[in-house]
């Protein structure tokens, strides 16, 4: 057997090809599946099995797409009651693939229907060699059980039992292949390493170390990072079976004139994916800004309405095309076109623009030490804010500005800051949609502000492990 | 014989491969010569001849580079007294290449040493089939004789005689292969078409139609577009023989910290080649802005000091690498490095930035109709300005701001405008270097302003032929 | 106006984009039209006009495909009675495109419905600046009038009048833009140069020099190169409107087992496009060999049955994909799949193979000087054979072996030779299909044989102009 | 910490990047090091450590190249007495890299100086998380101790102790990162999987299961696959420090005429890397054939003289360029040029060629059942031969034909067979160099022969594990 690992950055998603001599399985595939098809061809094997550990919350899975393009059979948890063609699996089921056996363990907790697949290479031994743990057990962390808010405690209990009665019964030497690495919002403190072993986690995984069930539950149901809006949406899409990418409309190249005319449709919104400096300098009034360079898929999934058509403003046609793929990974399927020639073609038509000015660290420093009429809004997650922030700043995470803008006084000067400038620029775009005028974005964010040595106002400490997903 | 044509945009330069069965000549090559080498390989021929029509003023030629890499012999005007290894050619010389003959005509005027090469395909006829006219005769235009300001009249007289006593003696059917097309500053009114015939130009070329010598001279020595600074520099470089590209230092990738430390050297300047909106939003204080998207090689050649080391700020590593090539085409060889990670890496260090705000057409309109304390500077060429401008604007071409900034009152609000925004942004970078603070750039320029329908202040008319080189 | 020229090798086809500021016309496009679409985008113009000079015989035109993808209008000769949506044009019609005018001249001769388009750039003059002559007038040659064998004389007369009463009435300086260059079978002696002028051709074009009508007719109706089978087919396809490439089945990748099973269908044939040495070493019994490296589109069009499904054996998947495009240019639309993994995957299945041994020049020399029982078949065109051949060789052009194999004695050793080895290898594949066993191919052909100095048997002379299309 | 794995096919070599937040180590790098440099850049880390587990026998390592290009420090076993700049490491040494610690274990056996590096991620625990075992412990196998033939027993004893007293003392959960996977000649029975754990190998590794020292030694010193000639050479090169790739001459493109003239030098040999069918059809007399598609680096290292200049015949320029890299990985640095245009350009010159005919399975079957005068030579390794072969075949491994050709009667028909045809074609090229004339190669080899169902003569069984390296 051969095991290959594939990692999608930003959403920090791991998928795998498990191959024998002639056939292979793909475990938890991403939605854009060409990679697996090409790799299988290069390995000289046919994709015959697609294994889902659970209904993923943070991304749209590629199970349907891959099945449609290869004819492979989908295996998914029986209890998930999925609506697409599949083989439902439950505790004890064994899937054979040449001289490999994949035995099903039911390991609910992160989600109610979650299973793990224990692998044996029978050419070497009947004993387990590794286990695909999905979002149950990670490197240094476990899956968060709080994504269904009213079931958090029930699921935390299940997770406790899945860990101690199922996974921790496996031998120390058994390798662990999770579905996420550091940066994913499906846990809060994953390590950057992509794999681990049962023994190492048994001994050194903080969550597994909590032997008391109720301590475990209370730990796992408090201080979790926020769960983006698309998490419940993706679960539901994955259960129904997402649209085939080939069935979605291609990305249309629109002249400035056509672009503007399509904007008249009230069901159409504009998403500007350029860097914050370009966006700030001039953008189409009313547009959203989620920088492609930042954690685009997470924030696009989080804040973009899915009942609207979305038109992109990008810095190149290629960037627009890549953004389309990333957005679809987060279940944002509404993107239909992009502005051909970018903002340059827009201004050559003399069309109106709006601006958000960028503040350098130095200017910000002068403002916060001098100004009276200033509100400094730190749009990072609470965990980040608690560790380090500028005195006097208020904390409203960027996505929450969609409703919490009302807490701010539109007559005052409002300065937004995050870790580097991407999320705060998203924040500025939200505030502008609600009529705020006197807004600034801090370019370089807290990172630049600290580096510039304005540390007197700034409690400097390490950014905590779990908020790493925000940092790029 | 086979003739292939190669066009370099922005400087609107035409070069040619003239190939037989086994050998070929390259006429007026550009400095980066891989293209010719690859094409010759594909045609199955060896490059044995390199023909220069004259010492080009507007770009650094590839004669030395191509000779070094292929072993081909350079042919250049005898009277040019070139300092590199070459065969000097003069009136009546014949260069044989398989069954082709290239006969030399001395055609001074654009430059004193200029020659043309008349081609015969002796397998078909001894009669001339075409002529490489360099910058003597263009499609719809003739070469400007005013590049050596104190010799303009003398050269205009020579040009008159070169045209009427040499080129116009060729048969009507003889094809004309010039070294430039529309957009070049070596003429003022070239057509977009790349080639023509002697007969067509004899009948319909405006300059050739001026039969009286003194009328011709006075026409050709007035109302010429400005001659950029690098024109005399390039002539001199081409005469000496430019440095081999391989002898120049490679482009260094510099971290923000290293970049800033190199800036301490007083002989180092910063050139920001991003679009004006990115530049305007935040840039390194004191940097120049010449947008790579605009006519980068012309303005880089025009304004950048050549006795300085130049560090680039670009929107990508690839853009920086391409800019290096374009700058070298204009004899700007001082670029040594670029900012790795772009402005994003700069602000993450908390380093200081400066800004220039962009004005939309609408905002500009409101300002010019309302403001009292405003100076609107139109930085286009005089020819463009005369045709169309906003009432009250003053005209200072962008490169002239290097010295003429003193005409402006730094206490007033200064708004810069050009045709699309690129040149005016260059203008803002110059003014900021001289301490001006309250500066705006008009995004979209006169193009957007006209399209937006603010035509009352604007005498609308066609942009004249000869200023096309500014328009993109 | 701007004129850009595009050349397709092997079929030596020239097409053009004629562009104004915002719109452009494409003249005589090739079937795979992405190039024009991309170029128009880069030029910043929209394709609004598609101009056909005539119903091309040697290739399938891209008019229908380009119209479908751009919405442009097709202009074609009225008298062609084309079956697709178009504007029929006839003598004197004028097509306006910004400040350009294209005036229609009816110039029958090469085909009955042929027109030429005379171009004026009205911004410079009403006088003709150039003319798209299609296959009426070439560089150094005229279109052959013998493609409709029983109408050859009638068409030659028409051609005479088209030349002298239409095209030669244009001014000397008028440029000529033909649809073919050296290597095309639509003429017999074209120059390698891609364009010319009316004046030059008036004076030095051999065919135009024949002033007597009947001399002209008899010259043009004798000693023409053979007209491949697909010439009449392509005319008819172009008249009806070829299938859209997007409507044709994609190329299927077939395992050796699937490939062999599809071969059982009597309507399926195998085309091996590898070099003759690979083909000779081992190939699928019964397959055709047309080397992709040779003049693939011409010979594929010439000999491949169009009522069969065709499976490819290639040296790579990319070569197969390119061959598909080239075959479609010649109206061979039947290719449906290729052998995944090539011959290597075939022999790993232990499937049967056949061979054709290659002879080096030296071995051939020894054989022809020694053997008694040998037939040396020179498969080049009669014109090539007459100029140079090995004593004792018989001449049967490769495509004619399809029927003339009966002239050969299958009991004798048969050696096939052409100029380089490609066409003779095609010949061997045909003979093997008819049961010949003892066959050799001369690797390097007459070219190698002459270079090796076995010139005693070989009347050495220049390969005639008109047969250049065979030589690569 | 982040661990990334890189695999080089054919030589089945694994190398690793072990990265912290800002710095990283590369373990056992390959000679062409661009990959590591690019990956480090993408990960945002600097390469500061290069770790060698031992002096690799089967490939030339990239330690010197990588150090030269990054300034990183090389760590290598003290006892290896390496001649390049490095830090020598021995038992108990600890290398710190951010919050990672690499502790040195001396684990001789495969080679005398071998060390392993035990990794701890101190942010999680001081306990070992993984170990870089080099060629001491593989997935399912251990390193062979017989590469220094006269020290085999001594090294096997050391290996026994390294395994049981060092590696097996690590905890079950400790991950194992070896330097080779299935296909490498550094072991005989590795699994395809790239990593494992101490616990799994403790329980299921066949060699580790042999608890008795003398049984272990006798098992490890018998029935080993052959050790190619370059194994001792590479060790010595790695000790001295291989030449920098940039110091080696670039690959020269040679015309057929130049190629032939360089062949006159008695110190120059020709290596044909095309597939066996192309080689067989026509090749340059006297040339070697090692198909690039087969295990090129192993056989090139094995049989090519290193005191000669080598000229390549390839199927494309790109294939030649890639072969250069692969050859250098095996310490074959003598390649200086390739034949531009391939064999086609050779035969167009009429230069002499030689041939080797290919036999299909069917023809072979008829020959072996009918012929009297036939010698069937199976050139696979003894292990492969023992498992399956055609009755009557004699076994001489391909590389041994260099001396053992004398065992064959040059007057008889000799047929060579291997598993697929590549190695047997190498065999034919060797025999031809020694004057054999009547030679055939079996296309498809034993694989095709079995598939074709000629199994009566063929003892069918599974190909043994350890000989997998020959099979592709």
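The first chain written gets the first letter, and so on, giving A, B, C and D; residue counts start at 1 in each chain.
Going forward, a residue touches a chain if its C-beta (ideal position, glycine included) is under 8 Å from a C-beta of that chain, and two chains touch if they have at least 3 such contacts.
Values in this document were obtained by computation on a predicted structure and should not be read as measured data.
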- Those chains which touch chain B and also touch chain A: none
- Query: If you average the Cα atoms of chain B and of chain C to get two centres, how far apart are those centres in Å?
  - Reply: 42
- Query: CA centre of chain C versus CA centre of chain D: separation in Å?
  - Reply: 48
- Query: Per the centroid of Cα atoms for each chain, what is the distance between chain B and chain D, given in Å?
  - Reply: 55
- Hey, what residues on chain C touch two or more of the other chains? none
- Task: Determine which chains touch and list them pairwise.
- Result: A-B, A-D, B-C, C-D
- Mind listing the chain D positions that touch chain C in their complex? 275, 277-278, 280-282, 293, 315, 343-344, 346-353, 355, 357-358, 360-362, 420-421, 443-445, 447-454
- Query: Across the complex, what residues on chain C touch chain B?
  - Reply: 1-3, 121, 124-125, 127, 129, 140, 171-175, 191-200, 202-204
